[in-house]
Structure formats: C-alpha cells, structure tokens
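Input: structures, listed below.
Two complexes are shown next, each including chain A; its partner changes from chain B in the first to chain C in the second.
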Partner chain A sequence: MKLELGYVFIKDIQFAEVSKVENGTLYVNRDEVKALILEDQNFKSADVELARPGESIRIMPVKDVIEPRVKVEGPGGIFPGTINKVETVGSGKTNVLKGAAVVTTGKIVGFQEGIIDMTGPGAEYTPFSKLNNLVLVCEPVDGLKQHEHEKALRFAGYKVAVYLGELARALTPDEVHTYETPTLVEGIKLYPELPRVAYVCMLQSQGLMHDTYVYGVDAKQIVPTLIYPTEVMDGAIASGNCVSACDKNTTYHHLNNPVIYDLFDEHGKTLNFVGVIITNENVYLADKERSSNWSSKLAEYLGVDGVVVSEEGFGNPDTDLIMNCKKIEAKGIKTVLITDEYAGRDGTSQSLADADVKADAVVTGGNANMVIDLPAMDKVIGYPEVADIIAGGFDGSLHADGSITAELQVITGATNEMGFNKLSAR
Partner chain B sequence: MIITNNELVYSKYKDDYDILFLDGTYRDVLVKTRDKVHEGYELLTHPLSSSIKPNETPYKSVIISDIKGNLNYNSVIIIENSIMTFDKFNLNKIKNINEKMKEDFKLIDLTVLKSALNI
Partner chain C sequence: MLKVVHYINQFFANIGGEEMAHVPAEVREGIVGPGLAFQQAFGEEAEIVATIVCGDSYFNENMDEAKKIIIEMVKKYNPDIFIAGPAFNAGRYGVACGTIAQAVKDELNIPVLTGMYIENPGADMFKNSLYIVSTKNSAAGMRDAVKKMAPLALKLAKGEKIGSSAEEGYMPNGTRVNFFEKERGSKRAVKMLLNKLKDKEFVTEFPMPDFDRVAPNPAVKDVTKAKIALVTSGGIVPKGNPDHIESSSASKYGKYDIEGVMDLTEETYQTAHGGYDPVYANEDPDRVLPVDVLREFEKEGKIGSLHRYFYTTVGNGTAVKNAKAFAEKFAKELVADGVDAVILTST
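Right after this comes the complex of A and B.
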C-alpha cells in the first residue's frame, strides 16, 4: 500500500470573507465554521478563535487537536467510519495543511484537562504551540448528557478539520513524501540483511472520555489486529480520549505518529519496517491477557526481530505495557517501550505502576508530576476558571494574577508516549 | 464481587451483583481489595482503571472474583503496586471539588466499571 503525503505549509491563519489557502496563509470564514458546528442541534452556540505561535494566549481545557487533511486521490476519505464512509484508506494521495490545527475545547464534566500556551515556558512543553490553531468553543444545550456532549464535540472537531482540509484539495503541495508498505512476502525479500521491526500501538479504551476509534469502531471491542501504517495517516484511528492531557494521544498525534514516520525513515537503512499492530487498554484483566497474547502472537507471526511498543495514559495501561513486553520478549523478540513517568514531584518514586526485568529498553516522555509555573497570558480561550480543578492542578493552582502553578500533566501533549515532543534531556 | 465507595454503582448493581459498599475513600477501596486478595480472591479489573488520577476522583470501584481460591500472585502484585502508586499523589485537590464534579466522577467510575461488566 502506497500513499503520497503532500504538505501545504501554513505559516499564518486569519479570518476572511472566503475560506482559502493563499501564499502560506490559511483564511477562514468564521461564520461558515460556526454554522458547520451548529448543524449539530446539541450545541446552542459556538465561537471560533485564532491562536498563533508566539501570541500571549492560553487555550483551556483542550479536548482534541486535529490536523486538516484531504484525500485527493485513492479510495475513501479522511476519518473513515466516522466522518467518511468505511472505505479502506491509506493509498493514493493526501494533502495536509502542515502547520495548522483545529483545537476543540469544552467542559464536558466538572473536572478538566489540558492547557496549550502559545508563548512562555508552557509553550515549550507542547508541540501545539508551534501551530496556527483554529480553536472551537462550543456550548452544549442545557441538560445534554456527558456521553452525547463528548461525541458532539469530537465530531465538531472532525467536521471543521475536514472542512479546512478540503481547501487544500486543488493545491500543489510544497513538499511530497511517499510512504509504502509492500506485502509481507515482498517485504522479506527487500532487505534480508536488516532486522525486521514492527510497531505495537496501544490505544486507550477504558470507557467514557477514555476511548479511541478504529474505522469508527470503539477500540475496546477489537482484538489486536494489523493495520497498514499509511491507513493511520488518513485518519483510520481517531481519538475520543479526553483524560490525562499530558500523555493522551490526540487525533493529531495519531495522524502524525512519530514512531511510524521514524520507522519509515529508517526503512531500508537500518531496519526493515514490517507493519503496525494495534491493541487496546481495557479495564478487565482478562481482556488485558487476551490482547497481550494476541499482540505477541501477531509479532511472532510477522517473524520480526524487534518491536517498538507505545503506551497511552497512566496507571492501568502500565499493566498492558508490561504484559505486551513480557509476552513479546518470551517469543524471542526484542522490545523497546515508550512511556512516561509519574515519579513524584521530586522524581524519586517508582515511575510506573508495573514493571518487569524484561522491560530493559525504555524511552520516557518525561515526569508528569514535575511542578511548573505558567505566567498569566493576555488572553484565555475557553474557560480559565477551571484551572483549580484541572488534572495536575491543585487547590490554589490559579493565582489572582492569572498565573498557574501545577504539575506538568496539565499541558496537552507534554509527556506524550509516542515521543511527540520538542524537548529532550540530550 | 464489586468493592466500591460509589453510591451510583451500588444503587445500579445492588440487585445483580454481590457488592461490598464502603463509606470511605478511594484508598479504603484499594486496601479492602488488598485484604480480599490476601484472603485468596482474584482481582478481575485493574484497581487504577481510568486515567483520572487518584488525587482527582474520590470514587473507585474494583471487581474481584466471587470465589475464593489459592493466593493469586499476579493479583497481589497489581494491588500492591496500585496502592504504592496511589500514595505518590498529593491529595490536596480532592478537598476542592463541588457536588456537580462529584456526580461526574461517580458517572465516570460507573462507565469504566460498566465497560468491564458488559463483556
């Protein structure tokens, strides 16, 4: 399966009469976007704001971040099974508004998650501060149940991202990257001297506000399976996970999964990238056993020498991570794990809720318990009053001048477990 | 058997499942679960289910086996690690939540539990 990704670079975003992309600027008709959101009768009002890199803006509480993409050639459309029909995606041509994103915000439940600062020390911790963001603030109708609210907000984000992506349909991309995965048989013949490597991508799947969708299917209902890496680039995996801001995978992360892109970069040079196994992170321990049995069985079946495993979330998924590690290692396959840490504020506590001697090659996204100070911003998009009740915040987090003292886990994407971060300890 | 301090879980499932309701904290639920595991009950759901941190939600529900057997070593490791993880968090925040948030936390705990019971 072969996909050409065409990057149309976006350096600025502005409101305008007509939505279009011109000379690297994304122009957005605000009223059209509002009308699109309000097609859903679950919303009584909607506001749309801009947040550019370097501006003194705080966005909170963030629910999802989505990159606008459009399928230009080949079957299906972006977000198959959710926005578009359930066609197999991942082949043909897809154009990307690289440098732009749709950010959804909202108070679905009484406790809150996720800050993006566009400048200052907080901006260093989130990759989304580098993007030209269109931020949606959607007010639900009175009495809307949490489940319906979450779904409506999720779909509003997808719809607006698809609307923006559509603006790139007729454009000539600034850069084109080609990604191809051959059949298993052809792949083995290609680089017989290189180690064969697969990627095990763990998807959050615990319930309301903890869900991920694969071609529209709730991932808690799948057994681990294989997916072409290019299918993921076309939105085959979409996030409904609103909890644990620092280490959840937004839809943007799935579309830009750095493990997949880096394995492609090394393909044919240092390794032979065979494919992607997706698995889930359920609550029931028997499900964890079944899923880890299955992911290790698929790794064995692919005949790989090594796998990279990425986790999503905190606590409960540590057990899935270690089960995947132990069972895949038991097949004689080397594992490298990507996780993050809750090592206490001083970093001296045990990092994960589970461990094993076989987990001897681990990459960390950082310590989510670390305390940071975020200075006040000139403008807050969303709901500033929730700072005290945001994850990683605590009584007195929000100071009178608008500054915030909180744990790193308040920041969206700060300790991402796919490794999608800008900072490193190197 | 469900061990819970969540009234919503109790009222919803009290007629269908064996429920041990505790008028106590999240930690009390973990400790009671540990005691039961030491007696030989098997842990069926992960005690740190949900990515909501133990210092954010006051509510926790855990499912253990109805039947007591030999000591299940995996269950012991998971519950002991869960209590250790719980104790790492600063609990200041819990004092700060209002009635609406309590109701939301109860609902999240219920839906996470439900995702296990449906299977």
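Right after this comes the complex of A and C.
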C-alpha cells in the first residue's frame, strides 16, 4: 500500500471573509466554523479563537488536537468510519496543512483535559505550542452528560479539521513524502538480509471516556489486528480520550505517529518495516490476557525479529505493556518499549505499576509528576480555574496572578509515549 | 574563589602501595597527586586548599576514629565542596571515599562528590545517597574522570541545579530527573531496537526495579463476627471534597465518619478521582464504596459490623511511595480500632 503525503506548510493563521490557504497563511471564516459546530444541537454556543506560536496565550482545558488533512486521490476520506464512509484508506494522495491544528476545548470531566501554553516554559513541553492553532470553545447545552459532551466535541473537532483540510485539496504541496508498505512476501523478497520489524501500537481503551476509535469502532471491542501504517496517516485511528493530558495520544499524534515515520526512515536501509499491530488496553484481566496473547501471536505470525511497543496512559495500562513485552519476548522476538514515568514529585518513587526483567530496553518520555511553574499569560482561552482539579493540578495550583504550579501531567502531550518528544528522564 | 578539600589514599599520594596502606590520616596544604588535574580543570573558579591523605587499611580498620579525625580536618578549612577519589576499581579505597564523603555531607552539611568504577563495592553502598561519578576501572581513566567530576563539583559547590545522571555523569541514584535528549523518543526506540537486534550494547533509559509484590492474607475465619472497614483508591469523598484530595497524583487521603449512613447518595457523596468518567460513581457512590450493601449485610448478620470510618484516596497517577505511606499510617489505626478485615476497592 502506497501513500503520497503532500505537505502544505502553514506559517500563520488569520480570520478572513473567505477560508483559504495563500502563501503559507491559513485564512479562516470564523462564522462558517461556528455554524459547523452549531449544527450539533448538543452545543448552545460556540466560539473560535486563534493561538499562534510565541503568543502569550494559554489554552485550557484542551481535549484533542487534530491536524487538517484531505484525501486528494485514492479511496475514502480522512477519519473513515467516523465522519467519512468506512472505506479502506491509506493509498493514493493526501494533502496536509503542516503547521496548523484544530484544538478542541471544554470542561468535559473537568479533570482530564490539559494545558497548552503558546510561550514560556510550558511551551517547551508541548509540541502544539509550535502550531498555528484554531481553538474551538464549545458550550454544551445544560444537562448534557459527560460522555455525550465528549462525543459531540470529538465530532466538532473532526468536522472543522476536515473543513480546513478541504482548503488544501487543490493546492500543490511544498513537499511530498512517499510511504509504501509492500506485502509481507514482497517485503521479504525485497530485503532478505534485513531484520523484520513491526510496531505494536497500544490504544487507550480503559472505557469511561478513555477510548480510541479504529475506523469508527471503539477499540475496546476489537481483538488486536493488523493495519497498514499509511492507513493511520489517513485518520484510521482517532482519539476519543479524556485522560491525563501528558501521555494521551491526541488525534494529531495518531496522524503523525512518530514510531511509524521513524521506522519508515529506516525501512529498506537497516530494517524491513513490516507493519503495525494495534492492540488495546482494556481493564478486565481476561481482556488483557486475550489482547496480549493476540499481539504476540500476530508478531510471531508476521515472522518479525523485533518490535517497538508504545503505551498510552499509565497505571492500569502498564500491566498491558508488560504483558505484551513478556509474551512477545517469549516468542523469541526482541522488544523495545516506550513509556513514561510517575516517579513522584521528588522522582524517588517506583515509576511504573508493573515491571519485568524481560523489559530490558525501555525508552521513557519523562517523569509526569515533575512540578513545573507556568507564568501567567496575557490571554487564557477557556477556563483557568480548572487548574486546581485537572489531573496533575492540586489545591492551590492556580495563583492569584494567573500563574500555575502543577505537575507536568497537566501539559498536553508532555510525556507522550509514542516518543513524540525529546523529553526523557534518568 | 571556591574552596575545595580533596581526599586521596596513600597510593595516589605516592606514599606507597599495599605495604603502606596502614598510614593514618594526615592533612597537607594544597594539592597532592590527582589534585593537580582537578586544579587545572577548575581554573580560576576553585582552589584545592588542602588534601587529606589516608591509608586504605587504616581507614577501613579504624573507621570510626578515621572518620572523626578527618571530619575535624575538613571542618578547619570550611570548604565549599569535598571531593573524594576517584577510586576507580580499588575496593577499599572506594568504600573509604563513599564513607568519608557521606560523613562530611551528613555531619558538616557540605556538598560532596566522589567517583569510582560501577562495580566498586563502594558504588553499591553509596550511589543512592551521594553523587558518584562513574569512572573507568583503572587510574588510566583519570583524565576522563576529572573531566566529568570537575564541572559537577563546581555546580555542587555553587549550589546550582543538578541535571539528570545522563547529563552530569553520576551513577543513577534512584531519583528520576527529567531532561531533553537530542533525539525524539521514537528515534531512540528504533535505534535501541536495531542495537538489540544486532546483539550490540544498548542502555535502557529505565532499568526495571525490583517489584514489590504483596502476598494476600489468609481468608477471614468467621466473617459473621468480623468488623469490616472500607478503604478505596476510587476517590469517594463527602460532597464538595472537603479535604481537596487531588484528582490525580494524590498527596493525601481522607478519613470520614459514616456512622448512621445507610446509603451514599448523589447529594451527599461524590468521587474526586480524575481517571474515569465520574457520571456513574457520582450518581451512586456505593458503586465504588459499597456502604449500602454492607449495611444490609450488617443487619442480616452476614458480617459482624461495618467500621465507623472509611479511608479514601485517589489512585490515579499517585506515586507508589505516597500510597505506601498512606496505608502504613492508617493501617495502624485500623488495627488499633479492632478492624478484622478491609474491603479495598479500586476503580
């Protein structure tokens, strides 16, 4: 399966009469976007704001971040099974507004959303401070339950991202990257000398709004399966998560899954990137056993020599991570795990909720309990008062001058476990 | 200029080898032996004001006395930092360096630094309580050791923030410190996997700890006589969360009186937990903390009684160390209150 990704670089975002992309600037008609959001009767009001790199802006509470993409050639549309028909995506051509994102916000659970600072020390920890963001501030109708609110906001984000992506349909990309995965048999013939490597991507599926969707299916309800890496680039996997902000995979992370891109970089050179095994992180023991049995079985079936395993979330999913590791290693397949740590504010506590000697090759995204001071910003999009109650905040996190003292956990994407960032710990 | 006191053994002071290891501690003004390399590395920033020389056998065989004498010697100079070694793979020298550095740190409250080979027995003994720079296994590695030790010593002397072990060169000490790597995590993972596949050396970024596993207690003999307490990490608290237990990474637990409470309701209780959709727990908090069922059991005589207090915290992202400390504290209260068994609910 072969996909051409065309990057249209976005260096600025502005409101305008007509939505369009011109000379690297993304122009957005604010009213059209508002109207799009308000198509959903679950919202009583909507506002749209801009946040550019370096501006003194804090966005909170953030739910999801989505990169605008559009399918130019080939079957299906971005986010198949959710807002586009459930075609198999991942081939043809896709254009990307590189450098832009849609950020959805709202007090859904109050606890499980994050912070994006566009400047200052907090900005160094989140990749989204480097993007030209269109921020959606959507107010739910009274009495809307959290899970309904989550779903409405999720779809609002996809809709606006697809709306923006459409603006790139007729454009000539600034850069084109081609990604191709041959069939298993062809791959072995092409690169007989190279070690075969797969990627085991663990999807958050603890339930109660810790959910991820694969072609529109709740990942709780899948058994582990195979997916072409380019399908993921077209939005086959989308986040429906309300979970600690630092190590949840936003939809942006899925679209730009760094393990996939970095394995492609080595594909045909030092390794043969065979494909992606997706598995879940359900809470019942039987589910954990079944899914780790399947992930290891699929790795064996693909005949791979090694896998990279990425986790999402922490605590309960640590057990899935270790089960995957043990069972895959038991098949004689080498593993490298990507996780993050909850080592306490002083860094001296046990970092993971599970451990095993077989997990001898681990990459860490850093200690999420580290305390950070976030200075006040000129403008806050959203609700600063949730600072005291979001995961990673504590009583007194929000100071009178608008500055915040909290754990790194509050920052969206700070300790990402796909290895999106350079942050680490020792 | 910062003042440094340096500790070395008889060998590095050119007194002699094993045959001279019995020499007692003496102090010499200024630089001796490897101090020269340190002084060059410090430049104008710091000065080695004194060097303490002590035989390895003397130190290890007369530890208490040696410590006392050396502490007095160090005290006189009131240095900004005390450096011991490096000891490389010399076992008794390593133990001496660690022991005296620890004593200076504890008793004089002066920053200390030592260096040795990872397999030196002194490393295992002191790496979690002192900064020990990892050196090569012989004195041939002196230049490399000084290159790592001198800048770290200056930082310690100035009271500057110390980065992670990977940046500063000290042995991992059980305290996890964040820092920015040169490459993103996924790239590091792919490289690590390639090395692992080729059986080349690779270094894990997180060595797996020895895991603390708890064996379950034997079953309660007669539950109809037992006093049962409820403890939860599911975050059930009186409405309004009066003690402000954090939604994640809890720093405290709550103890609440449920005398006369037959049922937890939406009006009176809620969850403080930030790790799950709270709708169902808030609608009926008994779903997480089953007070209603236990009251029925109490009435029907299926259990002896329900303890008057429940203990609660939030398990979400809470450091194991915190959780352990909470339980150590309230387990004593539970025992003192005559509780026979605890139902521990999570989420």
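By our rule, the second predicted complex is superposed on the first by the 419 of 426 C-alpha atoms of A that agree within 3 Å, B and C clash if a C-alpha of one lies under 4 Å from a C-alpha of the other, contacts with A are read in each partner's own complex, and residues count from 1 in each chain.
The definition used in the following text is that a contact is a pair of C-beta atoms (placed from the backbone, for glycine too) under 8 Å apart; a residue touches a chain by one contact, two chains touch by 3 or more.
Remember, it's a predicted structure, so these values are computed and weren't measured experimentally.
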Chain A as common anchor, with chain B and chain C clashing or fitting: clash
First, second, both or neither for A:85, with chain B first and chain C second: neither
Which of chain B and chain C A:169 touches, first, second, both or neither: neither
Touched partner set for A:282, first chain B, second chain C, both or neither: first
Partner chain(s) touched by A:11 [first = chain B, second = chain C, both, neither]: neither
First (chain B), second (chain C), both or neither touched by A:109: both
Greater residue coverage of chain A in the superposed arrangement, chain B or chain C: C
First (chain B), second (chain C), both or neither touched by A:208: both
First (chain B), second (chain C), both or neither touched by A:146: both
Contacts of A:270 with chain B and chain C, given as first, second, both or neither: second
Contacts of A:342 with chain B and chain C, given as first, second, both or neither: both
Contacts on chain A seen with chain B and repeated with chain C across the two complexes: 109-111, 146, 206-210, 243-244, 314-315, 342-345, 349-350, 353-355, 369, 388-389, 391-395, 409
Interfacial residue positions of chain B with respect to chain A in the complex: 43-46, 48-53, 55-57, 63, 77-78, 81-82, 84-85, 88-90, 92-93, 95-98, 100-105, 107-108, 111-116, 119
Partner chain A, residues of chain C touching it in the complex: 164-167, 172, 174-190, 192-194, 196-197, 202, 204-206, 208-209, 211-212, 244, 246-249, 251, 273-280, 315-322
Contact footprint of chain B on chain A as seen in their complex: 109-111, 146, 204-210, 220, 241, 243-244, 248, 282-288, 313-319, 342-345, 349-350, 353-355, 369, 388-389, 391-395, 409
In the complex, chain A residues that touch chain C: 109-112, 124, 145-147, 195, 197, 206-210, 242-244, 258-259, 261-263, 265-266, 270-271, 305-308, 310, 314-315, 334-336, 338-339, 341-357, 359-370, 388-395, 407-409, 416-426
